[in-house]
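Chain nomenclature is as follows: A, B, C and D, assigned in order of appearance, with residue numbering initiated at 1 for each chain independently.
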Amino acid sequence: MFDLTPRAADLVGTMTGFLADHVYPAESLHEEQQAAAGETPGEQHRRPQPAVMEELKKTARDLGLWNLFLPHPEPGHEPLSNLDYARIAELSGRSLHLAPEAMNCSAPDTGNMELLSMFGTPEQKQRWLRPLLDGVIRSAYVMTEPLVASSDASNIETTVERDGDEWVVNGRKWWISGVNRANCELLILMGVTDPDGDAPRHGRHSMVLIPRDTPGVTVERDLQVLGYNPFESHVEMTFDDVRVPAANILGDPGRGFAMSQARLGPGRIHHCMRMIGAAERAVELMIARARSRTTFGTTLVDQGVVREWIADSRIEIDQARLYTLYTAHLMDTVGNRAAASEISGIKVAVPNMASRVVDRAIQTFGGGGLSQDYPLARIYAETRIVRMADGPDEVHRRGVARTELARFDAATTPAPHGVAAHLAHLPRI
Amino acid sequence: MFDLTPRAADLVGTMTGFLADHVYPAESLHEEQQAAAGETPGEQHRRPQPAVMEELKKTARDLGLWNLFLPHPEPGHEPLSNLDYARIAELSGRSLHLAPEAMNCSAPDTGNMELLSMFGTPEQKQRWLRPLLDGVIRSAYVMTEPLVASSDASNIETTVERDGDEWVVNGRKWWISGVNRANCELLILMGVTDPDGDAPRHGRHSMVLIPRDTPGVTVERDLQVLGYNPFESHVEMTFDDVRVPAANILGDPGRGFAMSQARLGPGRIHHCMRMIGAAERAVELMIARARSRTTFGTTLVDQGVVREWIADSRIEIDQARLYTLYTAHLMDTVGNRAAASEISGIKVAVPNMASRVVDRAIQTFGGGGLSQDYPLARIYAETRIVRMADGPDEVHRRGVARTELARFDAATTPAPHGVAAHLAHLPRI
Amino acid sequence: MFDLTPRAADLVGTMTGFLADHVYPAESLHEEQQAAAGETPGEQHRRPQPAVMEELKKTARDLGLWNLFLPHPEPGHEPLSNLDYARIAELSGRSLHLAPEAMNCSAPDTGNMELLSMFGTPEQKQRWLRPLLDGVIRSAYVMTEPLVASSDASNIETTVERDGDEWVVNGRKWWISGVNRANCELLILMGVTDPDGDAPRHGRHSMVLIPRDTPGVTVERDLQVLGYNPFESHVEMTFDDVRVPAANILGDPGRGFAMSQARLGPGRIHHCMRMIGAAERAVELMIARARSRTTFGTTLVDQGVVREWIADSRIEIDQARLYTLYTAHLMDTVGNRAAASEISGIKVAVPNMASRVVDRAIQTFGGGGLSQDYPLARIYAETRIVRMADGPDEVHRRGVARTELARFDAATTPAPHGVAAHLAHLPRI
Amino acid sequence: MFDLTPRAADLVGTMTGFLADHVYPAESLHEEQQAAAGETPGEQHRRPQPAVMEELKKTARDLGLWNLFLPHPEPGHEPLSNLDYARIAELSGRSLHLAPEAMNCSAPDTGNMELLSMFGTPEQKQRWLRPLLDGVIRSAYVMTEPLVASSDASNIETTVERDGDEWVVNGRKWWISGVNRANCELLILMGVTDPDGDAPRHGRHSMVLIPRDTPGVTVERDLQVLGYNPFESHVEMTFDDVRVPAANILGDPGRGFAMSQARLGPGRIHHCMRMIGAAERAVELMIARARSRTTFGTTLVDQGVVREWIADSRIEIDQARLYTLYTAHLMDTVGNRAAASEISGIKVAVPNMASRVVDRAIQTFGGGGLSQDYPLARIYAETRIVRMADGPDEVHRRGVARTELARFDAATTPAPHGVAAHLAHLPRI
């Protein structure tokens, strides 16, 4: 039942040890180093990486826990199935802000490496993909714009115009993550290359590769997510006559929209699996707290309401995990497109589940649950933004309903009361 | 992924046709025949079976859709795994009040046949099990009592005393279903056989087989479930010096509690699977209604709120189905006892899910949704009572929490902040 | 704060005694008499009133608890304000299926008496209103039709055509309540009197008064509400060339829609207040049960989850009561039309609140909570149908949102970020 | 109906103008000044006040919007009733992070001024209360400790020992707010003055007044609340042989617990009213956004789901406001102690309501809703922490349930089925 391959089972074992022996013990230290670091002198909005992260990366790589996310073969890399990787991703979510990056499996680099692996030229791969896979540089994905609804990518207005041997980029972007890391060197930007042409609406955009230090690239300000921002979070930036060589286009011109869709599929499922791991962690913290805390003469864990929280959390997590593993299995067997409705389904179900579980855990901790003393507050902020990132819940629900209606229309035959008496198809599960 | 065996796949196909060709078309007729029937003359609280049910039973048996629930081998019966049967049970739940009975797979007979199959003597099997398996007689299970909390079976007070070659039964029972059917001939009753003995608390009860027409057996009144009762529902009854031969004890004396527990396991999972089928049916009815109904100039199905209902229903059903299939798989592989927490989990999750889904479906139908014109109202009543039957949600949540705490205690090692930094065990899923 | 007038305070006192001394003790008897009664011989779908109800009516009338609902002056009747009556209605809801009728304050007669009081001619009042006010006859309100969406009254298709000195009625109606009571003598029917005329869409309907025994009036079948139906509930009926004198029109021709709207306002608020009383009763039953029941060694009332149910019920009831009293106050001071949004608001909030409270109460009772042994099951069915009756929740939410948007548009001035920086109006509360 | 006095009505009018003309326009500026400010040189954990706040304070004072919270008469101050002030507090909550402080009505200073007004000696009032009332100094309230459950104040362990003419304070405290403001000069600390004495458990604590710069007072670190902290938020601090004169005790020794309870009552209701104002603001922002934003060809405000959010928000806010006003009225008429259950009730109901409303508003804004561009993210963080501050929801629910059970026990008389057939008391509302 959702059985792991032997290779994945080994990795799960290695991973469990890595978390216990290296990652969990590093959490407080990472929080402290991050809090202590200031901006890199002379580089506005750039901050150095906490040193402990580089140590974790080295350990992870030595253990073979490296680039496991990548579903495409690259030299030295044999891909895992979505189902196999899902279990690894869940475990990495138990330390949501350390483990994925330590394993070179964190957004936005993961999606960018996928893009380069699928669509990059040998030269582009050599220059950008190789060091990304080695974890020596970082990247950003530059798509969302403040002035248009980002849930419909065809609205994007930043221009990427051809001028001789160069592309010239002009526009304003926001919610760009990763760009303020010290070793961020690559921006993958989506813009309009054919604004007035004959191409259909979804064929007018392209992606270009922009070195981070190209003149005209400006970080305007940091954006907060709740109160969080400095290191790992988001910025608003402008591109003012930014020029890159013609060879810096990624894939074919006009294929930007299609490539952006391809980028999203595995990303969403990895995201969901990580949130399941985060929810598991929250349950453990909740139980540990409830075991050790006494109020009004009773240990918290002996209060009926707290036991109800624990039980509901277990019931909700297990359903969400199975739903996500099932979706991963569908992606492996029928493909990402045929699994689109289920991908939307987990995108709605899992972050909302994680929100509820983490909220309960926080409540058992009192004020401390919202502070930096436990990973709960960061997880809480993360679950909240994920309900909007990569498409808000409402858009995904619409997608699920559309699929459901199409299945119904394909299957029903009329019957008394104007009611479908029979669906010819079996449920997919 | 949760793959069916070839035999089960065949049965699913047969079942689908049976529903479409025979069961759905019979639903209105069954409702009418049931409404038209009065009590059997001279037999208070007995009503005849609607004729259409006997026809459906014949068809089902001809098609091989018969006794599929039974997990034990009997002459002419080769059992299905829990996982295989789960898919059949789901389909039968699409016509919750007809299909299970038509297939000889309806409570309380299923549990009673299991008891007889597991614990009956050859003579008992010959006299009771054979005609039950043939669907020519029906039975009732007589456990719950009005004066004690039924969620703890060891509270039961009805006495079963030895007097020479007979057992003498005295007591009051309620929520007994099936006893008012015309062909009900057997009562399996649980009572105290060793009230003051040295046996431990859970070793004092036994089960006895009581012919329905034994003197002293009286149906006192019908019990309603919401407004429903006459045919398929529940009664309160008394046993006043009811005498049966010594040979009518089922299994060993003092094993009543253990046998009652054994009876519940598969019953719960079948129950949950049927509710999933019922929820699927409700979604189909909801979509059909929403497709055809216009208010304020808009088809219901084009209203955002209705689409949200459809999407949430799909998301919730698929999670519940996977959770239940997973539990069936656990029962097949690690056994009912080791799957106890998951069995409790689905018992909480599935009926609540079905309640929400059916409630939305009813809302799309307006008043008709609560009437006899659609199966929704009966499903709604069923989902409500199931949240209490076989243990209320609150008791099952306690069980899940207890398991969770035991796992935590077994796995944790202390860490900074008094918080468990690591769970040695992997999640079971 | 929401102070009662002295007269209303007296009535509340009288009412409290009436409930304690007469109504609560009669509940079981009424249930039994109702269950025992058959159809009136020779009169299909007619059943006699339980005798205990006539006794309660006599007592209520003697105590001055009679016709208190009527907001219009009639001979011998001085109206109460909505705010005053709200408190009486709440108390009557504590015995939802007895007290309102015992006080001649039950639907559909209340709305019908209002219509006759407002729009009836002296002759119509003499013939129909007088005996209705005296409680010696009963009536039905015949509006909803099975083939059109009833939440938009202008859809109604039953024809009321002029033929000489008569109106001729043809059509099919359903969800008609009260028509199967033994002493029901009047039907107030809404139909189309000007199907093709020049009148605007909402000016084509009229109401006519039809004696119950007019030829052509046929009760086709009983409709169930969650299994309930025989006595107090709903039927489907046809009108086949039903002829009544021209004088039997109520109010002006073409004013049917407007009159139907006028009928609904106070009805909704009384309905909500009764549901608050029903919820209070459910809390009392829940506490009484929880005080007296022990499971697993603990009294239910000492379990944290049950205490949470009690607290949440109190918090939700008190908010709902205040909201409803406030709405009554608005109706008294600014009028029903200006209070339309709040009337919609309570119509959504109160039945949903009552559903939750009653559901919790049922859960504390186990199976008995769904049976006829307690009033909870009937209340539960009632709360469910009220979420659709007089407009489903979804329609009322739309009304509230529309009002909210209109207030916003009237009040805002543009500001930075395109966000309203200021609302000129104060909140109404 | 909850009528304002003429004075309060005037203040509401003034307040409305103040918000529109001064506060809303200052919000962005305040956010920027706050972000730009660093720590005060040489004073770790001290930051200067944004300049715009001092301007707002001056304007508010000139307008008479000053110290309105204070329920006790002081020279130049005539108190408002709780009901009157509730309306003012609501309006101030519309700009939750500016208006209360601008009006000298923000925690923790408000509670501290109350304590000094009620229990201070003339000298203490002269030295501390006067400048606090003038808004020239700020204060902190030092109660919660990291090592004990803070929801039970009698657990507090910090020692306040008498040594000659001085009190000597030793201990560790956290979640202390306000202490890092530039002009914070007073700490009111609660500790144990009689650890081993004969005093009952709730008679062992006292409060002492500690100048902020007393040797031995150390701010150890900032505590985050969902990523927020630097300026307005919380710290952990230690007291190491901190010595203050004997005259610095507040009120009588041993009365600390009682004074801390007295401090909480009005604070909770003001808090709730502000959250209602914050929720109103969120609805306005939600509507403004939904009016102006188009996705997939539809304006957000025309999507059914968004309209449902708007309607539910209005329905929930109005209920919460009435509940809070009613509680204020009870406090004014029967006193804080007799209103304890309702105070607990609003403490549960209002922050949860505000959480739901703000969550919906954020969802309409996409990522921006969680950023610093709108006040929503800060409100969201505030609503979350308030579900734990001043007692978590679970503790307040227990209080409500306890009151409910006591009322039931006082009122019921036994009846058939062991169920209370009658409650003699009327509901309080």
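Here is the rule we go by: a residue touches a chain if its C-beta (ideal position, glycine included) is under 8 Å from a C-beta of that chain, and two chains touch if they have at least 3 such contacts.
If you're wondering where the values come from, they're calculated on a predicted model, not measured in any experiment.
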- In terms of CA centroid distance, which chain is the most far removed from subunit D? B
- Query: Any idea whether B-C or B-D has more C-beta pairs in contact?
  - Reply: B-C
- Per the C-alpha means, the centres of subunit C and subunit D lie apart by a whole-Å value of 42
- Message: Just the number, please: Cα centre separation of subunit B and subunit D in whole Å.
- Response: 52
- Using CA atom averages as chain centres, what separation in Å is found between subunit B and subunit C? 37
- Two or more other chains in contact with one residue: find those residues in subunit C. 303-305, 308, 394
- Contact set on subunit C toward subunit B in their complex: 144, 146, 149-152, 174-175, 223-229, 234, 293-296, 303, 305, 362-363, 366-372, 377, 380-381, 384-385, 387-389, 392-395
- Query: Once bound in the complex, which stretches of subunit A touch subunit C?
  - Reply: 303-306, 308
- Note on the structure: subunit D contacts subunit C in the complex at 1-2, 12, 16, 19-20, 24-25, 28, 90, 280, 283-285, 287-289, 291-292, 301, 304, 307-308, 310-312, 314-315, 318-323, 325-326, 329, 341-342, 345, 348-349, 373-374, 394, 396-402, 404-405, 408, 412, 415-424, 426-427, 429
